[in-house]
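After this come two complexes, each holding chain A, first together with chain B and then together with chain C.
Here is the complex of A and B:
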């Protein structure tokens, strides 16, 4: 058996109690929601917290409220299967429901939460390995070591942001509410991430992500495409999130955000800007897809070769735009099996 | 909850497993899989990857499939847990178990407990699923032996029987759609 290391477990009932518990736990404390990311990592000794503050019993953190008209607020511990099947989300924020429904496997979506998915650890072939493997190869700076095994001269870690929902939430213009014992703040989700494989979140460890707030959806269309080897279980090797507001078939606003190409979701700003004022013709789509591949700089630390992942960025952006233009059929090929 | 100076934190947990209340005093860092197998003597639930990557450890919690290798018992008090041992009723196999046995839907059988439970949750929600629905439901369960075809056949056969649309001969049932 691959067992969890021992820890103290605290199970608060309210956000206020949870905030107090993490503050009291100090540097050895960690939050856990569904545990589907943290527990495998703890079994591999990538994290060894002394105290876990479980959010499962905090009822106020669960559920979806609001409407497409006013905007929707999602509690951080809403499970992914609830996000994937929620009728209003399917209808008005389809990219989010799609992304949640493409995470890992059905069982994991019954346990894993949206907040946990936003905060999911970055990944790397040299890091997501059991302790004896990492020890034999030589530890890297993300845990227990001081060099990077992917880019040996590098001073930073290049582990890959591998959340399916984070690029979508960014493209939708979501905001996140962070609560701690010393106060609370609400920030745009793009300000939650940092381009660093180790310190990939710009929040303090004692800050609890309580809510994800989506702006009104009226007039917006959105879609998400995911590249992975198998149709289940696998993390994204590339995610493409596109959100557009169309006025009379002309793009009035656009956001394209790429997942799994850097240590944080990466906006394709130039490409999105080139869409504004345009109709989604095949020529425009091809041009924008070329521009969008620019910011994708995958490294050789996940599945598939990195040149292939870069090339597929162009293909997937074109496909996503084609879908929103009604030029491509939507269907089960949401995920592309290579 | 009590804890000695160097002992791991232990908790007295009360779980409802297969309709019975069970109690155990266990370290809080033990997973549901470990507690089922090691403290409650329910070894029908199998351990495979122990990292969420295979599905063999699946149990139902309030009717929904979850992975026992990533679940903490401390979070499951008051919920209904169903393991493969709870499928048969009064010595009679569940129709899914019968269909699996008849069609040879298990070879080594290691994946079978998890698959049976996912299939049972599916049939509860969708009594006569399409083949595609069975596939989608079972997308979180890996089988290294069978190639899946007989598993899908067996779930469909059980569904038809439970819905009262009983294909008579087992031999023909493999291709009953």
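Here is the complex of A and C:
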């Protein structure tokens, strides 16, 4: 039966109150924003917090400020549908608006927040299952067990980072502000993640992600492509985020970040470097796409087989670059692969 | 000249529609009876294991637990198609679904918690998960009292000289087609409420679609007389064939209720539904088709291997229908058919909409295209040349009466490419066709294929049709009310349908084989016509005119040629009732169609009418990713007469959705006997946004036996879809897929291999 276990819910009004509440809740405490990730996970007993600190009533966490020229700051509990339809984001940070608009389904985008999306739990076919299912196949180390069912013998968990917006924010050079009862810090988003399926965030559990800060967008072009089984509802099987700064049609700066291929977003650094100083010709694109498929090392723990996902990495990177180059035949935002 | 109808032929909203879309329908899941307890089932830990011991001490001690039952605690009797299972298993488990113990408790939560406190000790046994491997010497025995794993089911048929015909053929094609487990994925999971009262009578609230067979089978499994069982059928949240058999959930609910003398409800959660609800059977079809140089089919030779799973249910009887297609989809003079159906330690399959016909049509229609290509013929023209015609008798002896297959093929041929935007750059377009042949006037698989109907007309002019038919969401209440209104000459809104209580309604086989509109419709029509005669007799006394001079139309009884002499029909009823020697109006009919059961050689005329259809699929394939996008489906159906055209279209739309899922996305992943895809995240049901443009064409051949000319169509939409899509993909990229679902990874891999 998929029922929520009992827990205490506290609803602070300010970030300071929230920080105090998580600190007081101790190891049994967790933050919840939209709950679209956490509540289903709790029903499956993937998390069993005793206290939830809800961020829904913390007004200061919601909203989008700033401009493309000086940079944009997004409150962590801004809902995904607001991100997806925000005119400035659509114009100047199109990859972010696109990625937010491709998360799950309209209902979930109206509840799910950007901060929750950045912090969304890693996924694995052996883990995202009802409790009795996991019990039947034998628990794994991510929850309730001590081995890995995908890679037996492995000492770490390979669950997959499945956020749509995280690779985009990484490619845009975003920074995140973390606030706790004992202080605050702002770090580049790439320092928020760790390549570990269990400890996938480098923040302490009592740190609240309050803001996501985007650098100025001037001169940058960005795009995001998503591979999934069906045209909505499904998590990414692969996400390709590309951000480029062009000078006279030549690439001056480039970032390519892949989603859903590892336990954290994975930058394709070599490929991005190979773009710098080049024009986006079909030859260059093909070469860079080959390089980008290198770091994609997907495991067989999502819906598509890993050889397929790896092949698709090349195709999707080429399409993303083709789209930024204004080439025809550059695919859609998503490929609906039923 | 087409007859003028007042009600029939006009699109009419389904009676359950508004309540359903506004969330007001009270499904069986919503039913709560006073003092109702909640049951849960403990299932096998291993697909094949000896049960060494069950210790329920801790569970029984949990406050709120009323009873824990195991197979050893209760008297029970084998049930199922082969009487090969007990509801609560004894001694060993044969598949992961197996019911090892059951709990009744005050709340579902307590029942669930109690399951975890039942200690079962198992010894794992070697298991077998493939029907071929199950037949190898030395394979583990699923049922030890049987000498092997072969079931007693075998469907063997021959007609003509297949080998001779193949030897003389200009072209033959051979292939092996592999079909996987899929789930009905009903929104409403399996559920039962049993209420065993102090008189030792059992009332079952059930989602069955065969209430009278269920009544009999359930009584037998419990060792009581059928007269002690009453079956109530509240609204159903989907069935698609799932409700055709009796399952352990029903028997266990009854056993628990008997033990605690309180109503007991068992309701599956979604994971349990994927695991324990029967779906479509996995099978491998080996097929050979031969044709002459001028494009005439000469022979088909088929062998089907079915993974029966641990117990026999309806999934293993689908060769009945597979054979009908091999022998009857297009004219084919020589036919051979055989099956191998073996027990394994996998879950077992039930009947599911289309019932074997999706599987065989996929094989047969794939080969129609391959043969046309081999012969250098146009694919549609090849089909037209072989199309079944009215008056045909097919190799099994099916007598084809109304038949518009040729027209269906022409229609989809003309319509296929219309209004489809050009493919995106780089994508490849293909068009594929498939025909369809299915029973459409009942299917005599029991001695009786009948249905009873009672029509009652009261003083207020309210008409009640009490029918044996079961409404499972398909729209039967609506269409049966339309038939009665039409036959009586009263407004549709005056007709109510009563159809959900075996203590009240007359007998019916059940909702299967696309038979309800045809069989229950004819019964309703006969009863309504009888009632009309009685009403006219009353009116004759009232008007002092001979009944022959009277008519009923739109609720008025009037004298022909003197329309000013008229009375509302309910006034006539009252006048006939409240007088000396007064009478009330009730009429009754039982309709059993003119068909025969198949004999042991599978010859006979199993249905009183046959349905035909053709579909065209327009698909685009992205060679780089392997993505397949279906752009448009045109579906032309010979429906006899469309009694409720919108409902007919709706059935076909739903069928196409189910067929596209089967073709492209749905697969219940079963590995080593375990069901791995147990959530809607893993089981990729297509969503609204995945649906292509649909065009349905209803072709009216007006069947002489059907009610107002109608034939059954409940399954015809789903049947040809996967074949049409596979043919379209072949047309687009030249790759022939012989296994479903055709996923992007498989398309891409196939293209890379070339």
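As a working rule, the second predicted complex is superposed on the first by the 328 of 338 C-alpha atoms of A that agree within 3 Å, B and C clash if a C-alpha of one lies under 4 Å from a C-alpha of the other, contacts with A are read in each partner's own complex, and residues count from 1 in each chain.
The rule is simple: a residue touches a chain if its C-beta (ideal position, glycine included) is under 8 Å from a C-beta of that chain, and two chains touch if they have at least 3 such contacts.
All figures in this text were calculated on a predicted structure; none of them were measured in a lab.
A.B. asks: Touching A:232, do we find chain B (first), chain C (second), both, or neither?
C.D. replies: Both chain B and chain C are touched by A:232.
A.B. asks: Looking at A:136 after the superposition, I want to know if it touches chain B, chain C, both of them or none. Which is it: first, second, both, neither?
C.D. replies: second
A.B. asks: So, A:3: does it touch chain B (first), chain C (second), both, or neither?
C.D. replies: Both partners, chain B and chain C.
A.B. asks: What part of chain A is shared between its chain B contacts and its chain C contacts?
C.D. replies: Chain A residues touching both partners: 1-3, 231-233.
A.B. asks: In their complex, what parts of chain C are in touch with chain A?
C.D. replies: Contacts found on chain C: 45, 96, 108-109, 112, 269-271, 424-426, 622, 624-629, 664-665, 674, 676, 678-679, 681-682, 684, 686-687, 689-690, 743-745, 748-749.
A.B. asks: In the complex formed with chain B, which residues of chain A make contact?
C.D. replies: Against chain B, chain A makes touches at 1-9, 11, 34-36, 39-40, 43-44, 54, 56-57, 104-108, 110-111, 231-233.
A.B. asks: Provide the residue numbers of chain A that touch chain C in the complex, in ascending order.
C.D. replies: For chain A paired with chain C, touching residues are 1-3, 125, 128-130, 132-133, 136-137, 227, 229-235, 303-305, 308, 311-312, 315, 328-329, 335-338.
A.B. asks: Would you mind writing out the residues of chain B in touch with chain A in their complex?
C.D. replies: By the definition above, chain B touches chain A via 3, 8-9, 11, 27-31, 34, 47, 50-53, 55, 58, 64-67, 70-72, 74-75, 118, 136-137, 139-140, 142.
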